[in-house]
Amino acid sequence: MRIGVLNGPKLNLLGERDPQHYGTMTLSEIEELLVERAAEQGAELCFFQSDDEGAIVEWIQTQAMSVDAWLVNAGALTHTSVALRDALAASARPFVEVHLSNVFAREPFRHTSVFSDLAIGVIAGFRASSYTFGLEALTSHLREQTGV
Amino acid sequence: MRIGVLNGPKLNLLGERDPQHYGTMTLSEIEELLVERAAEQGAELCFFQSDDEGAIVEWIQTQAMSVDAWLVNAGALTHTSVALRDALAASARPFVEVHLSNVFAREPFRHTSVFSDLAIGVIAGFRASSYTFGLEALTSHLREQTGV
Amino acid sequence: MRIGVLNGPKLNLLGERDPQHYGTMTLSEIEELLVERAAEQGAELCFFQSDDEGAIVEWIQTQAMSVDAWLVNAGALTHTSVALRDALAASARPFVEVHLSNVFAREPFRHTSVFSDLAIGVIAGFRASSYTFGLEALTSHLREQTGV
Amino acid sequence: MRIGVLNGPKLNLLGERDPQHYGTMTLSEIEELLVERAAEQGAELCFFQSDDEGAIVEWIQTQAMSVDAWLVNAGALTHTSVALRDALAASARPFVEVHLSNVFAREPFRHTSVFSDLAIGVIAGFRASSYTFGLEALTSHLREQTGV
Amino acid sequence: MRIGVLNGPKLNLLGERDPQHYGTMTLSEIEELLVERAAEQGAELCFFQSDDEGAIVEWIQTQAMSVDAWLVNAGALTHTSVALRDALAASARPFVEVHLSNVFAREPFRHTSVFSDLAIGVIAGFRASSYTFGLEALTSHLREQTGV
Amino acid sequence: MRIGVLNGPKLNLLGERDPQHYGTMTLSEIEELLVERAAEQGAELCFFQSDDEGAIVEWIQTQAMSVDAWLVNAGALTHTSVALRDALAASARPFVEVHLSNVFAREPFRHTSVFSDLAIGVIAGFRASSYTFGLEALTSHLREQTGV
Amino acid sequence: MRIGVLNGPKLNLLGERDPQHYGTMTLSEIEELLVERAAEQGAELCFFQSDDEGAIVEWIQTQAMSVDAWLVNAGALTHTSVALRDALAASARPFVEVHLSNVFAREPFRHTSVFSDLAIGVIAGFRASSYTFGLEALTSHLREQTGV
Amino acid sequence: MRIGVLNGPKLNLLGERDPQHYGTMTLSEIEELLVERAAEQGAELCFFQSDDEGAIVEWIQTQAMSVDAWLVNAGALTHTSVALRDALAASARPFVEVHLSNVFAREPFRHTSVFSDLAIGVIAGFRASSYTFGLEALTSHLREQTGV
Amino acid sequence: MRIGVLNGPKLNLLGERDPQHYGTMTLSEIEELLVERAAEQGAELCFFQSDDEGAIVEWIQTQAMSVDAWLVNAGALTHTSVALRDALAASARPFVEVHLSNVFAREPFRHTSVFSDLAIGVIAGFRASSYTFGLEALTSHLREQTGV
Amino acid sequence: MRIGVLNGPKLNLLGERDPQHYGTMTLSEIEELLVERAAEQGAELCFFQSDDEGAIVEWIQTQAMSVDAWLVNAGALTHTSVALRDALAASARPFVEVHLSNVFAREPFRHTSVFSDLAIGVIAGFRASSYTFGLEALTSHLREQTGV
Amino acid sequence: MRIGVLNGPKLNLLGERDPQHYGTMTLSEIEELLVERAAEQGAELCFFQSDDEGAIVEWIQTQAMSVDAWLVNAGALTHTSVALRDALAASARPFVEVHLSNVFAREPFRHTSVFSDLAIGVIAGFRASSYTFGLEALTSHLREQTGV
Amino acid sequence: MRIGVLNGPKLNLLGERDPQHYGTMTLSEIEELLVERAAEQGAELCFFQSDDEGAIVEWIQTQAMSVDAWLVNAGALTHTSVALRDALAASARPFVEVHLSNVFAREPFRHTSVFSDLAIGVIAGFRASSYTFGLEALTSHLREQTGV
């Protein structure tokens, strides 16, 4: 089981800014935590972060053959990127959409996602735990699919 | 730590119908699972299910003093009940909103919740796991709040 | 063939008020008329009226196993109750939606029904006859389905 | 009692196409059935079918003096023809609007009718029975009006 | 100076119905009145009335070469017929849009015209006088254009 | 003169929570105050509070014959309950709509009431005084109607 | 027969600017023309022009008792002034709404009038002739009303 | 305690027109009544009525220093005047918004106020009593604020 | 392979008017060109042009059995005719929608087609070439379907 | 070079109220500052402030002949006054629209201006500097136009 | 004649995925086909594909001087990229917009293009043929423009 | 004082194209002008231009620590880039939004900015002067903040 963990614009700054909003963990710390949890669940992870829609779309295309699922926090691209939607759909891999903050309690333009209808599910508001819940959901889903 | 687990209309039928949609666990089985997990996290649970908006509002008022948080799957009332919103807000207790299915992949009227802006966060699409993630999120949140 | 006849808020007052609008027959008289017609068509009926969304949802859940179809006049709940929609859908029984008055000639909020897309069909404007037409439509539909 | 039965675009093809959608009866067979039912109710019928909005408006103007009511299935014109609305209104004759299929379960543009607010009532979804129910509703209405 | 006077659906019935709404003059009487007024202004008229959008479009195409302007009361087609708009525009002849009743005091769908932006001007609410004002406006306009 | 005082969901909690928002009076204290004022104005009151839409609709039906008017604070149901609208309309009794807080200064979904167009008038923002003003308005209205 | 001729903001500049848009006649010249035409029709006129909504409302109130009808070109206030609507309605005098240019061919916010539903009719696009048609329409209307 | 009573366009005509709609009291009579009531409550009043938005804005600016609160019936300006909103806000004085008629039962454009979110509260539908209730609400509010 | 080429309102005028907009070819010349191209591709054509929605619907019904596909330029009916949509759908024949001009660069009401979702594809903006591309697309499609 | 500086409702109060919002300069001080800057740029200024839409429209008409451009802060009228738009357009003088505060960070109804599409440009958010930037932009523009 | 062929996000994957949707040709095969066809028409091509909006905008700027026209399949950027619109407009080169699938038969957000109003025309739904038709349209257009 | 000057897509082409629209200065010339002006105001500048949303977001993150404010002309990204909004907000540096042209006089989609509510202010329409005004506004703002 191999899972691609995708982080969109500005998520490399986690932990440095707005700790009361996004928590005090850095993206590296979250990635370490995820690696640890993934190991427990028999999964391997690969990570990618970019501020660039094109780079993200390309990474999805490149990795699609070698991963079984995606864990996606697309940040601001969640609300605007049809290209990301198309890349996720074309990859034919299941994914879970996660958000650090409760996007439904923020500006109205953050209440809609252009790809959440394609996701297994959505988790928003639990900071680093949004990722660990998402990882667990993905590994369960994959085990269920493969009947393992 | 005591958490009120609230289930809205039709959720008493879980496991009996549409298993491919909602999973094969009954509400009792989910409640047992939650009791088990809560015990691990040092939390106690009380449960309520009703098809009736008025009964749910009343239960929230009655229990508000004796619980520390809510785990809420309001079912169809999620999209229409301002009364439920007011009851949750008036209880002055944090809550997590959960859904068995990915509501964002269903009819448009299921994409909006009249109270998700008041929640800590939202979890949708992972069947019984939506509840266990929600429970874990609540106990973390309460521990963080109380500095325990 | 057993059919559940469901009446929503305020329909217990039929015949007592606004006779020029809703006709002079009481709900009991309509029920008697329906029993008579049902007998002719080899069907049995059970009735329920409530002002309470929760009670109606519960009755549908309770009766679903013992009826073959529903005849539904949900009154004001027609336009707002997603919970009723979910209950009807979950019952996996065909239903006909009926209205005493022509709802399309009244206030705009009465022009939409939150469940008419799930119905076999809709009948509005013919007072008691809306029910008898609906009953006949249901028995025909059931006979056609079962090939009887 | 004389009733004008109006069928809009494409309804001459009934029975030949999409039988699972519109039933297996042809328009002629429906007309025969209606003539039979009308005889039982002491009513006489005249029929008109056209694909042409102008021809339909003209027929309504020509027949208005010699009929007591209309039974209208305007097909696709239901959703767009203000001219048909004006013709029905100007005829000063009551009418019932019928549809073979449940238009509320189809594309959104079929959920609105530009003249249903002028009708006695609306019946949708029961194939040929939509017509027979409509006929019965009209003869009842006329008898009630004339006190016969 | 030759002007084509166009009347849309149902306008052949003028004077026979709803006299309190549309006045007591028949379409023939209005046409006679217009002929008289046109003579005073040195103009010649040709008339057309049809319930049929296609026939109207065709008449405009046929007459375009032999008229200098149009006086248009398109009735219900005013609000829906893009084909009529295109025919008027393609004719490259100026036109005045007239209405017997004050369409702005009627149902909302009558407040918009699909071609009034192409007209010299609009006159609504003055019954037969809407036509005579329109005729006078057209002859003035034509004289002004030709510098006569 | 007998007036039914109706309180919707959560209003039994008045005075206990959010005193800066809703004032420090409990519902009982408001009711006592109203009884006192009613006595001065020669009116008798009966009270009902429920969190349940169905129970409220039923109470209105039961009491309609024995009261002359309603004083209504429907709380969250103000914005959603078509069933309550229908019950008030069917009771054929005048009513005044009151709110403790200025609903027009809160969330947009609180700016609309589904029944304020049927009321004599609306009073919002004056806490307990909203009720006493409403009572006075009703007794004036009734005296004016009956010419007393 | 006495008619108040009302001109809104900027109409005192007629003839001086944008002659290709509004014609070459000044407001005085239009007023002279109207006086002449009014004399022929046995009517007397009084004139008012102001850039000021308040002044216009006041003039209407002051003159209402001494005029039989209004000829109104409210200019830009047509699209925004509810106060002008209320003043016209309160005057209980019939009025015709006129515009020099075809407002329906200009910016979308000029397509709606906040009082045209209260007018006898609307005339737009014929420059000075919009006024003379309007005057004639008013005198006809008054003669018809008084049976003279 | 000094309160500025502001009346917008057309309110000087009270009592003279539409008595069935606005009651039979003139504005002077309402002002006398208010003076009397104010005296009982230890308050002094100053009055202003104008049809002119600019004059009203100016009066508010001039009086702001010498009054403690406003009682505002802005008439038609309620629905359109952002300038009035800004003037009220800039005055930093609490105000109550009153209406003689139930604006929520009239045309849709009267259902919104551009400043009700800034008011203490809103009272609509009780004719002269809307003012006396508003006055009482203001004096209570001021006493509460000043702890008197 | 037989293809029905359908032209809507006003397209008989091609080449005579607006050559800079629609090109200089007449409809006959386009038809000749199409016949030539069809011959090369082993296809036979039949043509129909009408200004009349009803006539077009009828022609589609009549020809449906004898053609394999449609090439459709419905002109102004593209944006309004649900009847045409239904006729094309009922014919169960694939079709290509073509436009001479780039409809997406014209008025907003021309940006939507009521039947393009049923088409194989859409071609707009290339004058006569829109037709020849459409023909080629249809013959390819048919060959692909039939495996020839 | 002569420039008319126009200030709308409430701007005479600048500096006295909300200094943290609008800065501490009074309108006179801003005007002095502008006179100074204008002198440096070889321009002369004339000033006008009014709370009254009508007075502003009139001043524009009166001054149009004697100024070369406008510097406009219309305050609340920015968002509603079509009359002001028409006056500015009719003056045929270029203008710059300025705002003291960043209107795009305030209530939604302040995000639109009914005349900014006619302006050279818009400056918002820099308090007194919004005016000095605007003045400089106007003098540059005029010099560029006149080739000086 | 030199034409730039632009392909947006994910189009490098053509032929590998969803062959039933997008056909079995790879992007290279389409490019080869286009080169062949271009040669026949005396045109030269240059190609660019990128998942990155910025890279595409830059390529357009770089190539604009050396190409005569664009053939554009912007994929998902069609519906969102104002930057791409601006780049195409700034290049001052004609272009044709093509899509492999019929975008009008897919999700609503794919029905709008932010630049189709600037195109010569639009072709959607014919897989590789959308490109060859587009190429042919461009070479015709260029020949027509240059009179060759 | 150090200010980051950010230019979005296509702004590297300034001066080369559309000089009548954007002026004749190149981006380098504007940058030189800004450097000169900044020197006078004791500020230092750093510049960045990119067509790429991702590159811009990254540059903001990289530079945020070393600049005191931003001068932002995001070009087409102004209207769509939530990622840019988030980057600006996360940088916790004040910024001014500038545009060369008056965006409010262009296509409707250019009237909204996804980040202007976060800016100190907005300047649009003055070509190179939009930048120099913005620079001056920023240096004033910074001096005011730091009390220098």
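So that you can tell them apart, the chains are marked A, B, C, D, E, F, G, H, I, J, K and L in the order they are listed, and the count of residues begins at 1 in each.
By definition in this document, a residue touches a chain if its C-beta (ideal position, glycine included) is under 8 Å from a C-beta of that chain, and two chains touch if they have at least 3 such contacts.
Predicted model only: the values in this text are computed from it and were never measured.
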{"item": "Self-contact between copies subunit B and subunit C, residue sets same or different by half", "value": "different"}
{"item": "Which of D-E and C-D has more C-beta contact pairs", "value": "C-D"}
{"item": "Subunit B on subunit J, rotation in degrees - Cα superposition, rounded to nearest 5", "value": "120"}
{"item": "Repeated interface matching A-K, over half of the contact pairs identical, chosen among K-L, C-D or I-K", "value": "K-L"}
{"item": "Averaged-CA centre spacing for the pair subunit J and subunit F, given as whole angstrom", "value": "50"}
{"item": "Centroid spacing, where centroids are CA-atom means, of subunit E and subunit F in whole angstrom", "value": "55"}
{"item": "Subunit E residues counted as touching two or more neighbouring chains", "value": "52-55, 80"}
{"item": "Chains that touch, pairwise", "value": "A-B, A-K, A-L, B-C, B-F, C-D, C-F, D-E, D-I, E-G, E-I, F-H, G-H, G-J, H-J, I-K, J-L, K-L"}
{"item": "Residues of subunit C touching subunit F in the complex", "value": "8-10, 12-13, 17-18, 50-55, 75-77, 79-80, 109-110"}
{"item": "Residues of subunit E defined as touching subunit I within the complex", "value": "52-55, 57-58, 61, 80-83, 85-87, 90, 92, 114"}
{"item": "Parts of subunit E lying in touch with subunit G, wherever the complex brings them together", "value": "96, 102, 104-105, 111-113, 116-126, 129-130, 133, 136-137, 140"}
